[in-house]
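Labels A, B and C are assigned to the chains in the order they are written; within every chain, residues are numbered from 1.
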Amino acid sequence: MIPRAVLALACLAVAATGLAAPRPGTVGPPGKAAVDTCLDCHRSLDETRLSQPAEQAATDIHRLQGITCAGCHGGDPRAEDPEAAMNPALGFVGAIAPTAVPALCSSCHSDPSFMLRYAPNIPTDQAAQYATSRHGLALAKGDTRVATCTSCHGAHGVLPADDARSPVYPSRIVATCGRCHADAALMRAYGISGNEVADYQQSVHYAALTQKNDLSAPTCNDCHGSHGATPPGVSSVSNVCGTCHLTQRELFDLSPHKEAFASIEQPACETCHGNHAVHTPDDTWIGVGKDQVCGNCHVADDPGGQVAAQLAARLTGANSAIAATRERVARAERAGMLMDEALVQLEEAHQALVLARNQVHAAALAPLARETGSVLAAAAKADRLAQAAEDEIRFRRTGLAVSLVVILLAAVALLLKTRSLER
Amino acid sequence: MGIFKRLWAALDERLGLAPLVEFARHKEVPRHRYSWAYYFGGLTLFFLGVQVVTGILLLLYYRPTAEAAFESVQFIVTRVPFGWLVRSIHSWSANLMILSAFAHMFSVYLLGAYAKPRELTWWSGFALLLLAMGFGFSGYLLPWNELSFFATRIGTDIAGKTPLVGGWLLRFLRGGDDVTGATLTRFFGFHVALLPMITSALLALHLLLIQKQGMHVPEKLAPEAKSRPPIPFVPNFALREATVWLGGLALLAVLAAFFPWELGVKADPFAPAPAGIKPEWYFLFMFETLKLLPPHVLGIEGELVGLALFTFGGLVWFLVPLLDRGSERGKRSPLFLLLGWLVLAYLVSFTALSLAGVFQ
Amino acid sequence: MAANETEATVGRRTFINWLLGTSLGATLAAALYPMLRFVIPPEVGESPTNRVLAGKLSELPPNTGRVFRFGAKPGILLRTPSGEVRAFSAICTHLNCTVQYRPDFQHLWCACHNGHYDLQGKNIAGPPPRPLEAFKVDVVGDDIFVTKGA
């Protein structure tokens, strides 16, 4: 048994260093929910400000893992008497100042040996990253409007990041960041437009995330970082895009644009695709006309503009060949012809078109023309099969016409026979 | 030659077939200016025969489940040799059979052939027409394509509006609350087992009565028929009828060649109903009339009023041999003649207008 | 004269009978021939609904795959390095290209945008948003049957 005086001294020492580590007795063994007299009183308090934290704590990962209220707020979690429980001498702090939050959380979360016992699979470098982030740098200067740990993770009802209800779950991050970043008035002070969230919500990535439930689709933190949130540099975003869109990135790296964009400090992908509002790309984007991306740098007469026109022409040709053949094959199919082989060819044409679209990133005519050539070849094959099906329908018609003649001849013979009988 | 004669003698000895031959030899068809009306019944029978033959052929490959029905019909028309032809003929012949049956019925009605003693023939014929429409309705669903699926949903929905038994009838027809694979299995059963069985019995009765009672001569044409020699059934009338049948076959060939029956798109029960869903043409008059009725007539649901009117009209039509009292004495009421023409005009105009898209 | 006329009539009658016999025979042949052809089953003996013979076990060594077809839709049959046979829809969930088995990666791969799927059909890298649809595989003797939606 440790003498009381020693314990009290130790407590004071901890309080003096300012919430550096959880005091003994405020943190239980992992895997067992904390027992805590704070909750018993606070649940029944009338003031929401005081009762809500207790209610939210019901599902809080920290409480479920044995961390008492006192783990953060100090005081004695076993004392029945409020005075004793909230004794400032035992390090009790009521509301925790935003500027104190990172240090408080990191007192455990940056301690690998501590975290190893509770959640061995989560990293411990968040505080270090945070300190380098725009949020962290501003906070260090005393700006309390910026996000701290609790702004995103919540304070009392903290859920693990992989819990779908957590505000930092991939599908909910946009809304979480948007709480501040969609507020144009607030963002003006930082030179940010505030449209970014709305733009992102129109993007293919947001659609993939929310409609296809594709959690690997990028959301805010995938490009900006989560704890070390900063505006990404010109080259770093393209690296992010390239982790999924590897083929396009490899082709782009071979293209003349790589050097050219770098020399004028233009980002690789966003120059054409945009950053937040990444729409489904369309073949009509290629060209120097209005609303066409190449026109940002090229004019119709320069070599780039000419290549763009060629690329667009090839893709348009391939698109219309597929559309026309698809329609023709569908018509034959509705008429009851077996068009499986033609559908296989159409599929091949489609695949070649996808590959041709990849080649747009290389910005060279030859490789794209090779792919659109395959598109046209496969579409032509399907078209020939549709032609054969139409010929077959015509042939059947001819066959039936012949049998019609036979039938009519028999009818005439019958009429003649009847007449000869009745004469 | 000898062997056939011996075979015939042996059969005749055992079965007593000579009277049948004698009957056929003496069977005659009256000759007058409306003699052509006598061919429609035979033509309907021909199309029925085509239906039986092509139907049995289709049965070799068809599979009556929601998962496989469309694919099996697709298999028939794409992979089975001449499957496209058999299926196209079956579909077209069904329509021609109903058309010819309607022509038969109206010619019989307008010439007054329903009068005593031919009430039973009229009634069995009426029932046969309803059965033919039942064949059409049940067969339409079997390819399990989009059009047939939604047409069946609408058709069974209307049947479900019947007072008192509507709910039960709907569930009986659909085999559940909605049109599903259970409906398909059920309609298949109706189409290839239940309806053929009833039809065979009624058809036998219908034909037997005609043989028993001979051909009807309209009262006004009796002098003309007497003054002209009748047509011997064998071989003259038989040859003429055969010519008409060949005409029917030729028509089938033309239709199959120039208007091959389409396969359509597989039914998706969860897809929204495509615009302009219509039933088969012989239900159009009913379909369009029900659509034209106001939602409420005298506080009763419009569709119910329509159904009641159709039922009443059908009943009058059915009972016409009894209602037209003068007909048994050869004095048909001009009122019933007028009714016949009015009904014909109504059916033809509504069907034609609907096909022309006037009601859209 | 009378004899002549009779002769003409007889000739006419013979012609009519010949014409009638021939044309009716031809009509009958035109009707029966399609029917006879119809009852003989085609080579693909069964309407392909949701089961196909996708390949032979002997032609599918471990760590290989091959594309087969459900009608017009591609499926992929693969044999894992440990010898297990599996089948998936070969339609990439990103942009509908046809995936292939890459023996060097020992998993499925889509050439269009470098999408990777593991041997369970799960998307593991690249743009594909969803796993590939898995099919049921039955090996009967040397024949590999694949069933969709089972």
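To be clear about the criterion, a contact is a pair of C-beta atoms (placed from the backbone, for glycine too) under 8 Å apart; a residue touches a chain by one contact, two chains touch by 3 or more.
Only a predicted model underlies this, so the values are computations on that prediction, with no experimental measurement involved.
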Self-check item: Chain pair showing more contacts of the two, B-C and A-B
Solution: A-B
Practice problem: Please indicate the chain closest to the centre of the assembly, with centres calculated from CA atoms only. | Solution: C
Practice problem: Could you please state the distance in Å, as a whole number, between where the Cα atoms of chain A are centred and where those of chain C are centred? | Solution: 39
Quiz item: What whole-Å value do you get for the distance between chain B and chain C if each is reduced to the mean of its CA atoms?
Solution: 38
Self-check item: Distance between the centres, which are taken as Cα means, of chain B and chain A, whole angstrom
Solution: 61
Quiz prompt | Interface hub residues of chain C, defined as touching at least two other chains | solution = 27
Quiz item: So which bits of chain A are touching at least two other chains?
Solution: 403, 407, 410, 414, 417
Quiz prompt | Two or more partner chains touched - positions in chain B | solution = 74, 79, 85, 246, 249
Quiz prompt | Complex contact set, residues of chain A against chain C | solution = 208, 212-214, 216-217, 244-248, 339-341, 343-344, 347, 350-351, 354-355, 358, 403, 406-407, 409-410, 412-414, 416-417, 420
Self-check item: Interfacial residue positions of chain C with respect to chain B in the complex
Solution: 27, 31, 34-35, 37-42, 44, 46-50
Exercise. Report the residues of chain B in contact with chain C in the complex, numbered from low to high.
Key: 53, 57, 60-61, 63, 67-68, 71-72, 74-76, 79-83, 85-86, 246, 249
Quiz item: What part of chain A is in contact with chain B in the complex they form?
Solution: 333-338, 393, 396-397, 400-401, 403-404, 407-408, 410-411, 414-415, 417-418, 421-422
Quiz item: Residues of chain B touching chain A in their complex?
Solution: 74, 77-79, 84-85, 87, 235-236, 239-240, 242-243, 246-247, 249-250, 253-254, 256-258, 260-265
